[in-house]
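First chain A sits with chain B, and in the next complex the same chain sits with chain C.
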Partner chain A sequence: MEKQLFLKSKKIEKITLIFDALAVITYIALFLFLFNHLQMPMDGQSVILEDLETFNPIYNDFPGIFSNLVLNRGQMNSIISILIIFFIVAFPMLFINIKKNKTRTIYDIDSYSTASTFVQAIINLLTFNFVGAGLRVYNTFVYIKFLKGYSPKEFFKSIIPAIKNKRAERKAKKLEIVEDEEVKDEYSLSIKKSIRRQTAVSTVRLLLTYLFLVLIALIIIIPFYWMVLTSVKTFSESSSTLNPQFFLWIDRWNWVNYKVVLTEQNFGLYIKNTVIVALLSTFGTIITTVLSAYAFARIEFKGRELLFSILIMTMMIPGELYIITNFITVSKNGFGWIGNPAGENQYFLAMILPFVTSISYIFFLRQNFKQIPESLYKAARVDGCSDFKYLMRVMVPIASPTIFTITILNIFGSWNAYIWPRIITSVGDINGSNYWLISNALRDTDFVLDTGRVMYNLQIAASTLVTVPLLIVFFMFRKYIMNGIGRSGTKG
Partner chain B sequence: MGNFIKNAKEFLIKIGNAIKNFFWNIRRYINKFKRKISDFLDKKKINPAGKFPGWAKALVYLSPALIVLGIFTFWPIINSFALVVYENYNMTSDSITGYTIFGNFIKVLTDESFIVPASHTASSAVINTLIIVFISVPISIFLALGISVALNSIKPLKGFFQTVYFLPYVTNTIAIGLVFAYMFKTQGGLVNQFISFFGIDASELSWVETNAVYWRSMFVLIFYSVWSSLAFKIMVFLTSIQGIDKQYYQAASIDATPKGRIFSKITVPLISPMIFYITVTSVIGAFKIYNAIVALFGVQGTPPGANYNLQSIVMYIYQFIDGSKEGQLSVAAAGSLILFAIILVLTIVQMQVSKKRVHY
Partner chain C sequence: MELRLEKLTKVFTNKNGQETRAVDNLDITIESGTLVALLGPSGCGKSTTLFMIAGLVKPTGGKIFFGEDDVTKLAPEKRGIGLVFQNYALYPHMTVFKNILFPLENLDVPRDEAFARVKEMANLVGIGELLDRKPSQLSGGQQQRVAIARALVKKPRVLLLDEPLSNLDARLRLQMREEIKRIQRETGITTIFVTHDQEEAMSISDKMVVLDFGKEQQYAAPQSMYNQPGNLFVAKFLGNPPINAFEAEVKNKKLIINEKPFMTLNVPDGLYDVGMRPENFRVADDGFKTEIKDIFHIGRDTMIHFEFNGNNVRALVDSDTMKVNQKSVSLTIKPERVYIFDKQTGKVVNHG
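After this line comes the complex of A and B, so read on.
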């Protein structure tokens, strides 16, 4: 009976997850559609940045059943903001639930999970995911039946007696306490006093600790908050000289800023470049590091430790030293990838190839490989498994969390790369700026108008565009990233 | 309808089987081929596995990494020693006029605004870097220690705070640097707004813009570098504090030891190796500061209209790399070798001290 109920709840949960996923996809699709629909003050091909503030288009060309819909700028902003808020709420919930659902057992059902399911149902209701909400409420009742044996009807009937019971219990407790306080000799009083003093001191200390921690947390969070807020401000709001606004209602979040940054300021192109470079260099890094970490961990050859310690020693050398010669290597007198006339430069090669391996990751992965027992290797050898097969079938699956961590950290590295892309795209032809990666685009793009004023809101919107993907990946894979950095400790 | 589904199913299974058979056949042929080769080798009494010693096998696995490292890591190390002894190295024609041993080092050391401030600037790369190192590293270490001890003493919301404090680590230095520059704007900046909240007139207080005084811009730079370097330190300290045996604290609490003494006599000594490690790595990191300055003050490292610059050593090196003039790359190589020497000394000190262990 219990098992059946558990299986039933699990099935319902799976269906709920499907609907949650559908809801998230709907939010994304709607967001993309509306974002694509946002209009900018155009002058032929280019956007008139000066008019961005006063431009107030009417959106009335929606397809299908929405053809009668007429929205102004504020309403459009509100709808997009609401969609983003929905996504921020629904996506983590979906992600956490998928993780949880994989490992859920019959022992995980308790009053806490019941309550959290109900709260999630309310959240679903607030994010317009009605099917999910209904299914979750239904699932709550299944849990209640599982835990207490009540059917929904009995459950509602049992609420009032339960409250009455609790009240009676509380009354009984109060009476006991009153009886307790009857004891009044000097000794017990002094003990009570000192206990009271101690609790007071520890409470104050706890409060101060929390105050300190909250203060630091505020200092850390405020730049992020200010960044996101400024990125949706209009130009005059972002450069106001007096009393900047600390909060804006959702209809004044100008999502068109992001559209201008992505299209007019070419950040879409830079993101594409960065993704290409990040993926290819990570792919190369994984292959080279896995192979060489395996060689250093398992294959015995003369001079292994010597070679490895030489590699470790080179980690100490500052990157600036490499960059000087690498610049010569990739330019005309070396491989000739850069420094040629326009159209003949191989910027991607020059940006990817120097970074397709990393000594610190080899070191990190080797430590991981070394922990895998040697007996496994010998058993595999006896069964006629070749080295490469053993590496692919045994080592890589066991070390996959580490490899995943390396992947994420390496992609972060490419995303944050500044000096190397800047140096190689600044020489040679003028088209170098088409190959900018996102970080040096952020620094080198001109956000200054012809009138000499800096478009702070666009600049900060570009910063947000760079930061938010990092934060999303961090929140999704927090454990991997923190473990990886804690153990490899590459950056000071 | 049912018949149709049945037929379709059968059809799909047939296709699947065909594909499976195809791959199995290929495998069979390969195996047959392998067997033939091994039979042949047996007949001729050749043992290929015996002919490959360990290093040959290792070479196969290591070669992709070693080729890349050889070109982009080992060659630069060798070549920078070569660059340093060249006189007037010209990158485009790959020609030199002569050799010199210390000439390029002397050029760097006597260059204006490397050690000695130039006549038109009030600061130099080395002075700036040393100020950053000696102010930001101690502040961030003490702050990180305090935060991690405080974090260790609470239970609710601990995970939340830990995550929040880790945020600066995963962000882009340039992006947040631009946000900091925006926050420290003279008029309408968040910081000046906050200051004027206390009744101080901050409308003329310039941090990173025109009329910014040296120490004010330096304050912003140090504040930002502390802000962004706290995350890693807090994480390392917290992990090492959590690794301390609980018995020490229990013994101390039985003796009613004050919290301050617990901190100074138990916590700090027991994590002292970690503190030392972090000190050395963050001193090295602070010597290599670059991105933060570029984000806050632009590629030149100078606030607009200022008579000083905030260049660091690394920034000084990078300004030569475009290779437009003769001999510049040699100067850059000399500068980076000086930086390397500093780092080498620090690392050797760290290795020596951590061998002796700084316990107790």
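After this line comes the complex of A and C, so read on.
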């Protein structure tokens, strides 16, 4: 009976998760649709940045059943903001719930998880995911049945007596305390005093600790908050120094800023460039790292230790020193990928190839490979497994957490790379700016108007675009990232 | 299939050019379908011998024959061997089923046949219902069975076991010992079993090879090796409690222990090493009388420590023949149970 209820609740939860995922997809689709619909003050092909603040279009060209809908700028902003807030709430909830649902056992269900399901149902309701809300409420009652054996009817009937009971209990306790205080034994009084003092001290200590933590958290969070807030302000709001606004209602979040940054300021292209460079260089790094770590960990060859120590020694040289030699390698004196006339430069090659290997990751992975017992290798040999197959079938799956860590850290590195892409894209023809990575673009894009005003809100919107993906990746995989940083030192 | 080692030698050279003869001119023929134990103290070269047979270690000299085939230079996967490691060496990220399937995958066995063989093997070793578990979810004994199944699934010509029981607790060890014996009987596969535990080797094997410093000391069936040790090393290595060994002289066919004659022996005069197993002493009225220095009652048997013409000697006798806190006893030993070893070579000297 219990087991059946548990299985039933699990099945319901799975269906709920499907609807949650559908809701998240709907949010994203709607957001993309509306974001595409956002209008900018155009002058032929280019955007008039000065008019961004006063531009107030009317949106009335929606398809299908929404064809009668007419929205102004504020309403459009509000809808997009709400969609983003819904996404921020629903997506982590979905992510965590999928994780939990995978590992949930019959022992994990308690009154706490029941209550949390109910709270999630309310959240679902607030984010317009009505099916999910209904299923969660239903599941809450399944949990109640599972835990207490109450059917829904009995449960509602039991609420009022339970409250009454609790009240009576509290009353009895109060009476007891009063009765207790009537006994004025000196010894018991002193004990009572010391207990009181103890409670006071521990409460104050707890309070101070959390106050400190909240303070530190605020110090860290406020710049991020300020960044996101500024990125959706209009120019005059963002540059008013006398009376800055710390809070804006959702209809004044100008998402059009992001659209300007992505299209007019070409950040879409730069993000694409960065993703290409990050993925390809990470892909290369993983291949070279796995193969060489395997060679250094398992294959016996002459001079292995010597070669490895030389590689380790290169870690002692600061990375900036390589720039000159790397530059010579990719320039006309070397492979000649850059420094050519317009149209003949191969910027991607020059940005990716020097970084398709990493000594520190080789070292990191080799240590991991070395921990895999030698007898596995011998067993595989006897079973007729080649070295390469052994690497792919046994070593890589066993060391996959480490490889995952390396992947994430490397993508972070590529995302943050500045000096090398800056040098590469500034050499040669004017087309170099088409190959900027986001960090260069942030530094070098022109946010200045003809009148001399710097569009801070747009600049900050661009920074937010760069920072937020990293933050999301960090929050999703912080276990792996901390693991990698902790083990391989701070380099990486 | 018969397995033959001819003058098998392995020399390890370290950085300073020093040579260690891990296996030294080993000549052994292992008959088809027998279970042979390689026995010896640690560092005697038994695992090296096993790995040379497996092909994981290249021999410095000598040859290995599987039946009529010379496999000395053959790669491990082509020899048709199954190898079970001390720590089982199961792939931790694969289920039991995939672990057992792995060797067949490399041999390109057709899917249906491979699945059938895995199931058959799993049932043979008694893990049929654990196939979808990971190795970390199994007990030591179950992991051991998986390792054996994985070694046997490709129908090898020889099964090699490298100290397979040393990671198990005492009770499980007894059980797995019988299990290995049963599996070997049922499959009829030629098996080599490496161990440093003499009791394990004697109980499981049809024949034993005792090695010391890479040299073969004796190759015989367990009981005959125990009763007729070939040399002093084997006599000392086998038996628990260990054999009593001391120096003695033979003059005019009389064995003289510390200038006191003990018994008549048919050997030439000279200085010899003498060995007497503690359990070969019997309590008898017509034996030699001796004071008891120490006495330990251990259930079925009683251990007596006494001084035998100046040598400290242990005797293991039936508890029924002894009283608690007995002060003296009269003991005998059969002449054929007194082992005489040459002082120089350590070889046994017949005195029948």
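By our rule, the second predicted complex is superposed on the first by the 453 of 492 C-alpha atoms of A that agree within 3 Å, B and C clash if a C-alpha of one lies under 4 Å from a C-alpha of the other, contacts with A are read in each partner's own complex, and residues count from 1 in each chain.
The rule is simple: a contact is a pair of C-beta atoms (placed from the backbone, for glycine too) under 8 Å apart; a residue touches a chain by one contact, two chains touch by 3 or more.
Predicted model only: the values in this text are computed from it and were never measured.
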| item | value |
| --- | --- |
| Fit or clash - chain C, chain B, common chain A | fit |
| Chain B versus chain C as contact partner of A:L147, first or second or both or neither | neither |
| Partner chain in contact with A:I221 - chain B first, chain C second, else both or neither | first |
| Chain B, chain C and vertex chain A (Cα centres) - angle in steps of 10° | 70 |
| Chain A residues touched by each partner, larger count belonging to chain B or chain C | B |
| Which superposed partner A:Y456 touches (first chain B, second chain C, both, neither) | first |
| Which superposed partner A:I481 touches (first chain B, second chain C, both, neither) | first |
| Touched partner set for A:I250, first chain B, second chain C, both or neither | neither |
| Chain B versus chain C as contact partner of A:I82, first or second or both or neither | neither |
| Smallest separation of CA atoms, chain C relative to chain B, angstrom | 7 |
| Chain C-touching residues of chain A, taken from the complex the two chains share | 373, 375-376, 378-385, 389, 393-394, 397-398 |
| Residue numbers on chain B that touch chain A, as the complex places them | 53-55, 57-58, 61-62, 64-66, 68-69, 71-77, 79-80, 83, 91-92, 94, 143, 146-147, 150-151, 153-154, 157, 161, 163-176, 178-180, 182-183, 187-190, 193, 227, 229-230, 232, 235-236, 239, 259, 281-282, 284-286, 288, 290-291, 294-295, 298-299, 314, 317-318, 321-323, 329, 332-333, 335-337, 339-340, 343-344, 347 |
| Of chain A, residues touching chain B in the complex | 205-206, 209-210, 212-213, 216-217, 219-224, 226-227, 230, 239-244, 284, 287-289, 291-292, 294-295, 299-304, 307, 311, 314, 316-329, 331-333, 353-354, 356-357, 359, 362, 387, 412, 415-416, 418-419, 423, 426-427, 438-440, 442-443, 456, 459-460, 462-464, 466-467, 470-471, 473-474, 478, 481-482, 485-486, 489, 491-492 |
| Complex interface listing, chain C residues touching chain A | 51, 54-56, 76-78, 81-83, 85-87, 89, 91-93, 102-103, 106-107, 150, 154 |
